[in-house]
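Each of the next two complexes has chain A plus one other chain: chain B in the first, chain C in the second.
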Partner chain A sequence: MNHSAKHLYLKHLVTSVLRMVGKKSRTLFGVSLLSFIAASCAKNAPQDTWQPKGPNAKIIDDLQQPVFAVAGVIGLIVAVAVIYSVLKYKDRGQPIPEQTHGKPALEITLTIIPALILAVVAVFTFGAIFKLAKTDDTEMIINVTGQQWWWEYDYPVQNDFGITQPIISSGQLVLPVGTKVLLRETSRDVIHSYWIPALNGKRDAVPGRIQTLRLEADEPGIFTGQCTEFCGLSHANMRMEAVALSKADFAKWVANQQAAYVAPAKDSLAQQGEAVFLNQCVRCHQVNGLMRADGTPAIAAPDENVWSGSAPNLTHLMSRNTFAGASFDLLSKQCRDEVWNAPSDVIGTKYLAGVSQDCLNQKDLRSWLRNAPEMLPMYANPTQLAATGGKYRGMPYLALSEDDISKLVAYLLTLK
Partner chain B sequence: MAIMEREIEVITPITATPSSTYGVLKRPVAATGWRAWVFTVDHKKLGLMYGVTAMFFFIVGGVEALLIRLQLAAPNGKVLNADLYNQMFTMHATTMVFLFVMPMAAGFANYFIPLQIGARDVAFPRMNALGFWLLLFGGIFINLSWFLGGAADGGWFMYAPNSGPVFSPTHGIDFWAFGLQIAGIASLTGAINLIVTVLNMRAPGMTLMKMPIFTWMMTVVQFLLLFAVPVITVALFLLSFQRNFGARFFDVAAGADPLLWQHLFWIFGHPEVYILVLPSFGIVSEVLPVFSRKPLFGYPFVVFSGAAIGFVGWGVWAHHMFASGLGPVSVAVFSLTTMAIAVPTGVKIINWTLTMWGGKLVFSTAMKFSIGLIVLFTVGGLSGVTHSVAPSDTQQTDTYYIVAHFHYVLFGGGVLGIFSGLYYWWPKMFGKMLNERLGNWNFWLMVIGMNLTFGPMHILGLQGQPRRMYQFTNARSGEGLFNFAFWNLVASIGSFVLAVGILLFLINVVITARNPTKSPLDPWNARSLEWMTSNPPKEHNFDVIPTVHHLDEFFHRKYEEDSATHTMRQIATAEEIMAEQERNADAHIHMPSPSYWPVVLAFGLPVITFGMIFSHLIAVFGAIIVFFAAFGWALEPSTAPASDFETNNSAPGKALESVGKS
Partner chain C sequence: MFSTGFKYFMGVTVLSVVALIMSLFVLDQVAIAGVALSMLVVAAALLGGIAVVTRDGNRQSGVNEQSTDLVSQSIWPLVTSIGVVFLALGLVISSAVFFGGIVILLAALAEWMVQSWSERASKDANYNASARKRLLNPIEFPVLAALGLGIVIFSFSRIMLTVDKTTGASLFIVFGSLVLIGGILFAIKPDMKRSLGAAICVLGAVGIVAGGIVSATSGVREELVVAKGESHMAPECGEERSEHFDKNATGTLSLRSSVSATIELLDGQLTARLVGFQDPQKSLTISRSAPTNLIFHNLDAKDYRLVAELGTRAAAEPEGATEKNLVCTQLAAQGFEQLLLLKIDKPAPEGTSYRLVVPGVEGQSIELVVP
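Right after this comes the complex of A and B.
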């Protein structure tokens, strides 16, 4: 190729690149690419990272959308350039071209352009990083502790929200809307990661460390999430939900969580269930206010039985929708849909109704009580517990009779 | 070539037992049969053995991948249980990274670096053999765990404290850590060997800036290995001591910080990514110019961008930890460095495209794989840029979006480059050309298969499907036709299309081996020195060490520029150049002698580590093997005595001919 031809192809390249970067076609490419991706996506995927429902997730989304668009355009330019040269410069018997070794000016230009694009991206990235790291505007603190394979939520005393005694819950994180909540995360065993995509990115819960994550929801709703740091056998089943309630509904939730223990009615099935609970479950699971027959408080000692040291507090189990690390529903399918798909102005009321006898997902709860390790992979095999000194990792098989299971279910239903 | 040399004239071996001059320390002399392979120090034979080993583990890792995709083909998969699934994805990654891509790159480097720089072997031939055997035994050792209680189940990243004895009570992680330790020694010895070779043994006239680009990229890789492997070595020692000797490096109760492991792992792990892709970048940078009939566009830019990646690659590790809680300042810094490394990577893509621009493109299978790499690696590179935006990464990390990203990088970049190299260099290695028609099917099935497999993972990840889940549930899958179940099924179907593509390659190998047709001397109209010798090359590579005047020396011996049109016209054929070399053959060629000791020494190490896990007595036995092998190695005579060989009084030229045939 002679010099003028070379000049021509360089000019051609530059103009075609410029043409593609032109505003109109950029929008066109961006829109067509995004609409193609959007069209082939699952509808209402509950963990969609492109559907922010709170200001923190919004910061991320506002940052990532243009980056995806620019990346898509650059990818298209490369693809078009490659396809163009494949078609144009196919061997059609032309002579072997001049052995040119490159053109430094063009090289440097094409190095500087992406560097400049990235520099712009970096400026906005820095802004978002520091916005998302702020902790001085916190309105509410919730301590979140990961354990194989569930999350514990501990609301320290915060009089502004009517929390006059610590609330300990698990599975579902309940928070008031429009409130800047700061999670203080840690773990009792391995590293887990807390992720509610609609509200923010993820943050690892690392044993021995306390790390913070901002959460804030715009509207009432139930937002799903999953543990995203590989944490052993049941990593896939370690789920969680964030339940955003209006401030008034949240106050009701707080009041209910702090309500005193109501013992089951005399001679009811539930009362027999309480006995079974005291006999079996209370070794690991705390129910605040539960008394032994001799009138002393029943204090769970999970640290003596569970390697990681804790087990879900069941005081107000039936105020939650899910159990066993949000792996299973406490609500039957129909009742669950009624709550979860409720419009945001009534979802709070529906959620606060808790789990009634009619709505209870008997099947999963009974199976769980019958043989938990069969439902969820856990290191429950006693022959493999040498390394933990015989302590369980997850709920073991308890060899409960069907009678006992019925009694327990009746009792658990009273834990509103 | 150090001290282990012997005269080439006396190569013709005898079948009789060698003389007993040095008793047990005599050197092997067999030039045929299995001994010729097991005791060889020839860089080409070792390169081929690396390649075969890598291919074997590629199939193992591929079967593991197919099992994973079968399990995830539908919600609540039941093909594997959680425990087995965790072992499967751990071993899939471990196998593909450490036992396929790295050995394959080592194989190419072993075979072609000496040929590309006009040398007759590497600097330390016995150490080269040791490296191969360590890799092989290390790989076998890791996989033994499948049969001895279960494989490693902590993920290839093996985060503490989940890798501790309490959380992973089988011996899988012990096998994993010790096996990688053994394979790591192979990488280290190989790195030192190739660096010394490249720096000291280039043909006269070959300055660093006239060195073929593949050799350049491999040299960068060796430096990365030299500094990265020691880091993982330390980390693996800490882990092994924690698991086997009660150390508490990652025990949180004893005050440890689990992030220590993450930093160590990723300071190794990120340069490792470049260790995996730079060899393929080198390969396509060879292939594209050959089939574009043009030199690599901006050779110095490609060289320096490769070196730049080598340097900046050390400053980006914490982008794997954006969700770990490093604090905003660290996150911002690593965000910036990660963006910075995109620039030299982009330079390469631009240069490859411009190499094709204005060329005379010949679409051989090798060329197709290289073009495929440009496009598909770009996809992986761009999704990588989206991770550099740290807040965005906190949404994407540990989702399938990341799985999509690094498979576009490692499969679209790494593996397509490897296949390009296999098709391109096959005639050089075996004297026969792979079937191009089958190659075409192989290419398209692999490209379609990989896009079907990994493309949908972008969507899955962005819509919130985390990685490393043995099951996914309908409850989080969304609604409509295009829900997670649909995309997971597409990915699973894609993985089998991909597998058929790779199967076609294996079929192609068999067909080619059975086909008696020999390859021409210069089938691709190539440009660099490795093509300036016979196919396959003689044991001593070159009859005469060429003197280098140009980058692309071989091309410039075949063509000269027409001063009027600036196009190139042929002035010599490859056969003529070859014949001239044979006429001027060196009279005395020194080649290293084979040795028993590398394989013996290498065997001792897995015996030691096996003993570490099961019984310290066995470890003592292994140590004795290593000790005696080292002793034998050190005291071995530098060459086999002449009496071990059949005397050959014919002229040197004739002796060389017999070497070429052996």
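Right after this comes the complex of A and C.
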């Protein structure tokens, strides 16, 4: 076939394809393609795996960039070959060509080439896996426990970082920059998977097992992620955020987390809120240092009420930016933007300011207290789910009055 | 216009859509059923599309004329009725019989359906028979082989549970050797009569099944009955009363990987080794209500067990009394390991602490911190 004949043939192919798909389909195809390209170029993509912000994510990135390029080229060649063959040799009633069986030289070549490519990829992949699995250079340990549908972080005593008593938090993982942090992950109920793309790959959290994941951030910032193992109704809402602070800011955060409980001022709305909390919320939520009226510590009993056996510890709740497993913001949009879009040298200061009355996202917090199951699918009504033995999954509807909600919000605002 | 395959798959699609809509109305929890039915709708529609595009994969469709001969005898109506009987009996007797009935019914209907189709596929009875075989033999042979092997293996397991350990080991060696020798003979004598090979296999299988039936009727050996009654999982942190406990439980447990910590006893010193911590630890943080596995590794000369002291709990009697809440491993001889599963729901009351100790080893403990 000479050049002009080939050209004519290709033109015929393209015309045939366009005729086949029709005008509407072409428009749809064009819009889909443009959307795909536009989405691929998005700047505001916080869970983009191609933007590493720490050495562990960089190890993965260094591996996936060349592999993706090679795989892309091969994929393109295969796709073009398939489309070409489909269009050229489609059934037009022509006689079936002579059938041959086997072509050893070609088959061996086509086996050896991919095997060699995979072997080269395997060498670098194993190297990356071993680097990521390293634990003997760990500088800091954080225990991470997953449950439907939030993450708990507890920091065991580590005097090098000023942690002289265990710290327990949820929703946001706070870590110092330039520090090799090792997460010891487990789960209380079903398998979850922890993934903050900017800092490392995924690691499953399995009940009864401890799986480790290294995290390290180069610079201060807030990095988002979400559970990547289907774990039930609100799996898609099970988010997590890692807040990397400078070492000085991290020390301030640690000091604040270890600060003693400060009871609300006498005869204030917050004090009334504390009473509501003791009456309702403390059944599941712990606030360290909170005492009952009789002077005994208020110890939460989520194991008696919640299927997973735990509910977020709300001590220093207002030092976090989110609530309900990072599903909702504690900060109003403007205040959140101020923190999240802050340059790395001031983000720590802004984050440590916590949530003030002016910055509180009253709407979402009040809605949550009013009827949590309406905001997040949670199987919160155990009468509809006999398998939990009468225990809740997630926060139930508490039938709080608007007055009680106002008191509770005032109280929660004191948990700095 | 529409091919037979297309009509079939479209029928399945429509029925699936109806089932999906009904499930939305009838079931409270639609997650699994909804996903399964949605997938069925998509798969059936896709197959229907492929069927109509490829004209059922047969460019010569319509060439083969259908047979008008009488159909041959079939065993499947009988098997189907047996399935229905099992189904009905299962409703009264047990769910296992019920599900057995469903399996028989579905298998018989599938066989019956394919046989009916193949007998009318063309006027050539031989072609029809080969069409049936080509479609069903790849399913029938593996299923029948799996069933046969399953029965033989199950029978063999019954024999092993009945005879004592030494006889069991000897039987295993003899049985394995016979299989090996048989395999070698078949390999070096490829021209051996097929009937002879089949006879040897059938005799062997029948012998094992007969042995299995005899063993099942005579019951398992005494040692296993006693071990079953020892309730190894019950907390028993005093003197070891069990006779048949597994003295190296972690050797057989996949749980030994990724445990929270390994508690080591060496030269009278108790330490915890945790992944990520460079040095041995004297305290261990355990999240509330999180199932936590620990391995106790005894490197000292005597037999020891690890005991978790978890405060107090309500005693069975008298009413209002409390007792020590202890959870422990079974004894571990020198060099052996035992597993301890902890699930602690609440932090220790103020002024107290939870800890791991080894009775008989004084002054050593690991603090359990429950935040």
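Methods note: the second predicted complex is superposed on the first by the 343 of 416 C-alpha atoms of A that agree within 3 Å, B and C clash if a C-alpha of one lies under 4 Å from a C-alpha of the other, contacts with A are read in each partner's own complex, and residues count from 1 in each chain.
Everything that follows uses one rule, which is that a contact is a pair of C-beta atoms (placed from the backbone, for glycine too) under 8 Å apart; a residue touches a chain by one contact, two chains touch by 3 or more.
Every value quoted in this text rests on a predicted model; they were computed, and no experiment measured them.
Asks: If we overlay the two complexes on their shared chain A, which of chain B and chain C does A:Ile141 touch? Say first, second, both or neither.
Replies: Second partner only.
Asks: State whether chain B or chain C is in contact with more residues of chain A in the superposed arrangement.
Replies: B
Asks: Just chain B (first), just chain C (second), both, or neither: which does A:Asp91 touch?
Replies: Both partners, chain B and chain C.
Asks: Considering only the touch criterion stated at the top, classify A:Ser310 as touching first (chain B), second (chain C), both, or neither.
Replies: So A:Ser310 only meets chain C here.
Asks: Of the two partner chains, chain B (first) and chain C (second), which one does A:Ala353 touch, if any: first, second, both, or neither?
Replies: It touches nothing on chain B or chain C.
Asks: Pick one for A:Ile74: touches chain B only (first), chain C only (second), both, or neither.
Replies: The answer is first: A:Ile74 touches chain B but not chain C.
Asks: Touching A:Glu152 in the superposition: chain B (first), chain C (second), both, neither?
Replies: Second partner only.
Asks: Let me test your reading of the model: by the given contact rule, A:Met375 touches which partner, first (chain B), second (chain C), both or neither?
Replies: Touch status of A:Met375: no partner.
Asks: Touch check for A:Gln211: first (chain B), second (chain C), both, or neither?
Replies: So A:Gln211 meets both chain B and chain C here.
Asks: Considering only the touch criterion stated at the top, classify A:Leu398 as touching first (chain B), second (chain C), both, or neither.
Replies: neither
Asks: So which bits of chain A does chain B touch that chain C touches too?
Replies: On chain A, the overlap between the chain B and chain C contacts is residues 91, 206-209, 211-212, 233, 384.
Asks: Would you mind writing out the residues of chain B in touch with chain A in their complex?
Replies: Residues of chain B touching chain A: 81-83, 86, 154-155, 159, 161-162, 165-167, 169, 252, 255-259, 292-295, 297-301, 323-325, 327-328, 331-332, 335-336, 339-340, 342-343, 346-347, 349-351, 353-354, 356-363, 371, 374-375, 378-379, 382-383, 385-386, 388-399, 458-459, 462-472, 475-480, 482-484, 486-487, 551-552, 555, 559, 561, 565-569.
Asks: Looking at the complex, which residues from chain A come into contact with chain C?
Replies: Residues of chain A touching chain C: 91, 135-136, 138, 141, 143, 145, 152, 154, 156-157, 166-168, 182, 184, 186-188, 206-212, 233, 297, 299, 301-303, 308-310, 313, 384-385.
Asks: Which of the residues in chain C end up touching chain A in this complex?
Replies: 28-29, 31, 59, 255, 257-260, 274-278, 283, 285, 287-293, 341, 343, 345-347, 350, 369, 371
Asks: Under the definition above, what is the set of chain A residues touching chain B in their complex?
Replies: Where chain A meets chain B, its residues are 1-2, 5-6, 9, 13, 37, 40-50, 57, 59-60, 63-64, 67-68, 71-72, 74-75, 78-79, 81-82, 85-86, 89-91, 94-104, 106-107, 110-111, 114-115, 118-119, 121-122, 125-126, 128-130, 132-133, 189-191, 193, 195, 197, 200-204, 206-209, 211-212, 224, 226-237, 239, 307, 377, 379, 384, 386-388.
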